[in-house]
Each structure stands twice: as C-alpha cells, then as structure tokens.
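Below is one structure; the comments refer to it alone.
Letters are used for the chains, namely A, B, C and D, taken in the order the chains are written, and counting of residues starts over at 1 for each.
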Amino acid sequence: MQKNRLEAFSDGVLAIIITIMVLEMKVPHGVDWQTLKELQWVFLSYVLSFVYVGIYWNNHHHLFHSAGHVTGGILWANLHLLFWLSLFPFVTGWMGENTFSALPTAVYGGVLFMAAVAYYVLQLTIIAQQGRDGVLATAVGRDWKGKISPVCILVGILISFVTPILSHVLYVVVALLWLVPDRRIERRLAATPPGE
Amino acid sequence: MQKNRLEAFSDGVLAIIITIMVLEMKVPHGVDWQTLKELQWVFLSYVLSFVYVGIYWNNHHHLFHSAGHVTGGILWANLHLLFWLSLFPFVTGWMGENTFSALPTAVYGGVLFMAAVAYYVLQLTIIAQQGRDGVLATAVGRDWKGKISPVCILVGILISFVTPILSHVLYVVVALLWLVPDRRIERRLAATPPGE
Amino acid sequence: MQKNRLEAFSDGVLAIIITIMVLEMKVPHGVDWQTLKELQWVFLSYVLSFVYVGIYWNNHHHLFHSAGHVTGGILWANLHLLFWLSLFPFVTGWMGENTFSALPTAVYGGVLFMAAVAYYVLQLTIIAQQGRDGVLATAVGRDWKGKISPVCILVGILISFVTPILSHVLYVVVALLWLVPDRRIERRLAATPPGE
Amino acid sequence: MQKNRLEAFSDGVLAIIITIMVLEMKVPHGVDWQTLKELQWVFLSYVLSFVYVGIYWNNHHHLFHSAGHVTGGILWANLHLLFWLSLFPFVTGWMGENTFSALPTAVYGGVLFMAAVAYYVLQLTIIAQQGRDGVLATAVGRDWKGKISPVCILVGILISFVTPILSHVLYVVVALLWLVPDRRIERRLAATPPGE
C-alpha cells in the first residue's frame, strides 16, 4: 500500500463529507425572511462542522507528510477516523434542527470526541511505526492541543444536559483552537523531506 | 502542505458540488408535458449554477498554476471559497423552485457575491506570498472582470426586491463575462513553468 | 491547464454520477417479494445508466490519451459533456418509476442523444487542435459507431410515443454496441506514447 | 488505459459509496433517548457495510498492485465489481430499517455474494493476463478466504428465511475474517516492485 493512495482516498472521503453535509440543509418551501431566519441554526451547525472537517483535513496531511510505509494497522486506524467523520452530516443535521435540545448536542459532541480519539490513535500508530525518535513524535512533542481538546468536548457533552448553549460555546472554542495552523509540526516538517 | 494535495481536494469538492446540485431537481410524479414544463426554472437554475462552478474550477486552476508553496493562510482562504461554493446546491434549489420570488433570488446573489469576495481574498493571499512582482500579480493586472462582477451581482441583489427577472439577467451576464476564458492569465502563464 | 487535472476532475464527476444514481432507488417500506418486484424497472434503469456512464468513462480516457495541450475550447466542450451526463440520475429515476410512459422514455433518450452530441463535439475540438493528421483523427477513422448511435437513439425517442418498450430495446442495443471495447482506437494508440 | 486512472476512478467510487451510505441514516424528528435507540440497527448496518467497503478498498489495492497493463476485460470486470458495491447504500438502508425481516437480510447477503463473485472474476481476469506463474497467482495461492467467504454468505442468505439473526452473525464473521489484513499477498508483494 502506497501512502499516496491512502491520502487520495482520505481526501475523497473528506471532500464528500464536507459537501454532502449541505444536503441536510433542506430547501424550504417558504420565501419570506421568517423562513430564512428559521434556517439560522442549521446554517451555523453546518459552518461549525465545515470548519471541523477542514481542520481534520489539514491536520491529516501533517500526519501523513512524515509517514513512510503504510501498514495494515495505519490503514485501519485511518478508516476508523474516517468512520467517525462520516457521521458528521448526520449529527450536524440533527443538532441543527434541534439546537437547544440536550441529546442532539451531546451526540454531536460524542462524535467530535470519538473523532479526536481516532485521530490520536492514528497518530500513535504512525509514531509506533517510526519509533519514538521519528519525525512525527518529535514534531508533536507534548501535544497540549491534542490533549486539551477531548477534555473540553467531554465537558461540553456533560453540560449539554444542563445548558446546551454552553456546549456549543465549548465546541466553537475547540474549533478556534485548531483553526490556528499547527505551527509546531509545520516548523519541524518544513525542513524534512517527505517520508515516502 | 503540497500544492497538488490542495488542488486535488478542491477538485474533489467542486466535482461533488457540480454533481449533487442535480439532486435538487426532484424526480416528478407526473409523466405529462405539464410536469416537464414545471421543471423549466429548476433546470435553468441548475444550468446557471453548473456554469458558475465550471468557471470557478477553471479560474481556480489558473490561480494555483503560479502558486508555489501553500501556506496556512492560502489553505484557509481556499476552504473559505469552497464553503461559499458548497452553498450553491442549496440556493440553486431554493431559487429554482421560487424563481420569481425576491428573497431566494437575493440569497442566490448573496452566495455568488460572497464566492466572488472569497476568490478575491484567495487571489490576494497568493499574491501576498509571491510579492507584487510575482507571476500572478503581473498576470492579473488591473483585473477589471474581478472588479466589475461583484458590482453587477450587488446590483442584482438590490433589484431582486423590485424585479427578480432583472437580477437573473445580471447573473447570466456575469457568467457570460467569465465564460470567455481568461486570456490575460492564460497568455502570461503559457510561458511560465509551474510554480511547484 | 494540464491534461491530468482535467482528467482527474472528469473522473471525479463521473464517479459521483455513477454512484449517486443509486440514491434514486429509494429504500422501500415493505419487506415482501411484491415490494422487491416493484423495484425491478428502477433497478434495470439503473443498470442501463451504469453501463452508459461506464462506456463514457472508458471512451473519455481514449479521447484524452492522445490529447496534448488542453485549450479553453476543450475544457468547455468537456464540461458540456459532463453537464449532459450529470442529468443521468434525474432521467434514470424518472424513467425507472414510469417505465412504460412515453415522455420519461423520450426524455431519457434526449439526454443520451445530447451526451452523444457533446461527446462528438469534444472529439472534433480535440481533433481540431491536433490537425486532421493527428493521432485521434487517424484512430477514429470513419467512426461508424459514433455516427450510428445517435441515429438509433433518435429513432428510440420518436417511437417512445408509440411503443416505449421498443425505445428501451434500442437504448440497450446502443449500449451493447459500445460495451465492446473500441478496438480501433485501442490498437492505434497502443503504440502511441501519451500526448502529454 | 493506464492502471493509475482505473485505481483513481475506483477510489473515487468507493469513497463516495462509503460516504453516501450515511445519508440512509435519516435525521430523526425526535430528540429523546427512544429516538436514538430506534436508530441502533440502522447504525449497526452502516458500521457493517462501512467495514465491508473498507475491506474491498484494501483488497482492491492489493489486486492492482501487481497488475500491469489494464485491458478492456479488466476494466469491465472492475466496473462489474463497483456495480455490486454501489448497491450497498440501498441494501444497507433497507436491512437497517427492517433488521429482523427475512427478505432485506437475504437481499443484503445477495449483494455481498455478488460482490464476492465479481471480485473473484476480477482476480481471475488479472491472473489470466499475467499467466499462472504471475505475481498475483503465486501470492493468492489456494485462496481459502476467497473460497470460504461466499459459502458462508450463501448459508447466511438461506437461513435468513428462518432466523435472520444468524445471517447477521455470519455476515459479521466473514467481515472479521477479512479485517485481518491479507498477509499472504502482503508478504509476497512486499519484495515485488509495482507492476506498472
């Protein structure tokens, strides 16, 4: 298995996820401002998920930039990540239509959390193959963002049963945290030739 | 981040957008000419949006032909453009089913306008990286089409609340303006080796 | 514009068309044999369209194998072909649910016909760029299949208003005609290095 | 026809299939635990199909890793495999909504079975081109997994009319069988340069 095939397949899946999410924004029957106003939460959920998929796509490239040979373990760890991301259209649509309900907000957080876990497992799998002194292990370092994000999202899930609004705030904060490009990895990898 | 990964991802997203728009043309239950006739505006909206996505795909390639290294800023400017383009299926479906209504016509124009702005920002971001003497800055030149288009679309949005038909005419005129391949860039780039 | 970008985009669009057609086969509510039986025509329409898209994908590669530089004309001739192919999911769904009705059968034929015309125009555009002595012009030769197919489909459209069944037979015959790989081009191109 | 075009097209189709399956998980109207609970079988069907498409994608790469020239026969054998895989979203949705019904369970198995047959035919077609001493023929060897899987699935189809639950168990067992990466081929191919 060559790295570029896995990257191309992942790119394809991510491109489809980011695009079909918009199909959950159903074309309304009305044509007045009220109709448009009712779409606001569906729209904002879509924006949030679009940003999250964008972040995963971006970070995914950083991960594989330094990966060399693709083993069966890496392949399935990658498919595991794609699985959780593939649930984004569903949970985005559900939360968008029921923004102030506890359960859809918690389930959205649950998928975010599992995607973060799957990403972490994928990172570990690649590091395990390169060794603790490999490019990725050095670049990731202490990885405070990768550790603080799942904690924030877990808190978001828990408080969704009390005040879903606060959960949304946390989900947005985590997205903003990652929207800043991961300069740690970028800097270290800049001088590193691709692993292939 | 290598340029070709960003191009492949953008190609994927554009290919999906241009294709799933057709899903907004719902298969009708009737089988007579009247049924077909009722589809005419949905169909024409689809044609217009298909041409717009085709134009963006075409111009997108010209932009990146001369781009060298992809920075985090370029990456997010590109995702920003894809975000507005991803709303095409939604606004195409809404305008197609309510062709002579003001608001869907205005919102369609709004998405066209934001896509034009996002494209302009992406262009500026790439030029900022290359410097004002770079290939793209020279090729784009005064960029009259890039400046006149958003103005026409803004006018289209405003008059949609008076006569939506005139807005449609303007949207079509802007599309025709770009349908003519951008010979400025093409000519200058022809002799330029790819930036990679 | 490089040839491989255009090929990749076309591959993407064709892959999406061939796959989303299946979404027109709606999951039924019943679970008995009768339910399954009622799906037969939708299923057969899907098979026919799947084969047609497969044929176009196959022939598309042959066309571009010998193409060199991609001009603006070739690009828009290609998008024109993709436009008609993008209507396949819609007309397949409509004909599948109304197999024995005249109009859906005629409209399906109409899209087949326009796709054939668009393919022919694309072929002419590439030949015009290579010159009449170019690889493609020589390989295509008299092109009897390219000439007889639209005629058969035109006949199919006309008789759909009398006996739609006969139209279906004609559509299937034309598909079978192309299912046989185009050995003319294959043979000539085998010894020809890619045009890039 | 170059091998990488066929691989890219297949990757695209598989990426779309694996992603649009999630669209069959309709966003529910309710927001309570009962609503979520009712989704469990649809969700588990989705997981199972996701794993199957992942397996096919993985094995597909192994197949083509050793393939050299792509003939018309290989091309259509590959499209035949993609056809059966393209029915996954439909049968997954149907079985997911009617988990304990005989017919949807049998039809799901039928598509699994036909995909296995199509895969086997594709393997034979590639081996026929390479000769019985080719890389793939040697690597596949006796192919016990490729022979036992269709038998298990056939049994699953038959008993679905008695106890659908047992069919599901069999479908899961076959998936687990393949989830273990195909070390036979992997080991032999590791030292083999790509066939292109």
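In this text, a contact is a pair of C-beta atoms (placed from the backbone, for glycine too) under 8 Å apart; a residue touches a chain by one contact, two chains touch by 3 or more.
Quick caveat: nothing in here was measured; it's all calculated off a predicted structure.
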{"item": "Copies chain B and chain C - rotation angle from C-alpha fit, nearest 5 degrees", "value": "90"}
{"item": "Chain whose Cα centroid lies at the greatest distance from that of chain D", "value": "B"}
{"item": "Chain copies touching (chain A, chain D) - same or different residues, decided at half shared", "value": "different"}
{"item": "Whole-Å separation of chain centres (CA-atom averages), chain A against chain D", "value": "26"}
{"item": "Centroid spacing, where centroids are CA-atom means, of chain A and chain C in whole angstrom", "value": "37"}
{"item": "Residues of chain D engaged with two or more neighbouring chains", "value": "8, 12, 16, 20, 23"}
{"item": "Category of the chain touch graph - line, ring, star, complete, other", "value": "ring"}
{"item": "Chain A - residues contacting chain D, complex", "value": "1, 5, 8-9, 12-13, 16-17, 20, 23-24, 72, 75-76, 79, 82-83, 86-87, 89-90, 93-94, 97-98, 101-104, 107"}
{"item": "Complex contact set, residues of chain A against chain B", "value": "7-8, 11-12, 14-16, 18-20, 22-23, 25, 27-28, 31-33, 35-36, 47, 50, 54, 57-58, 61-62, 65, 179, 181, 186"}
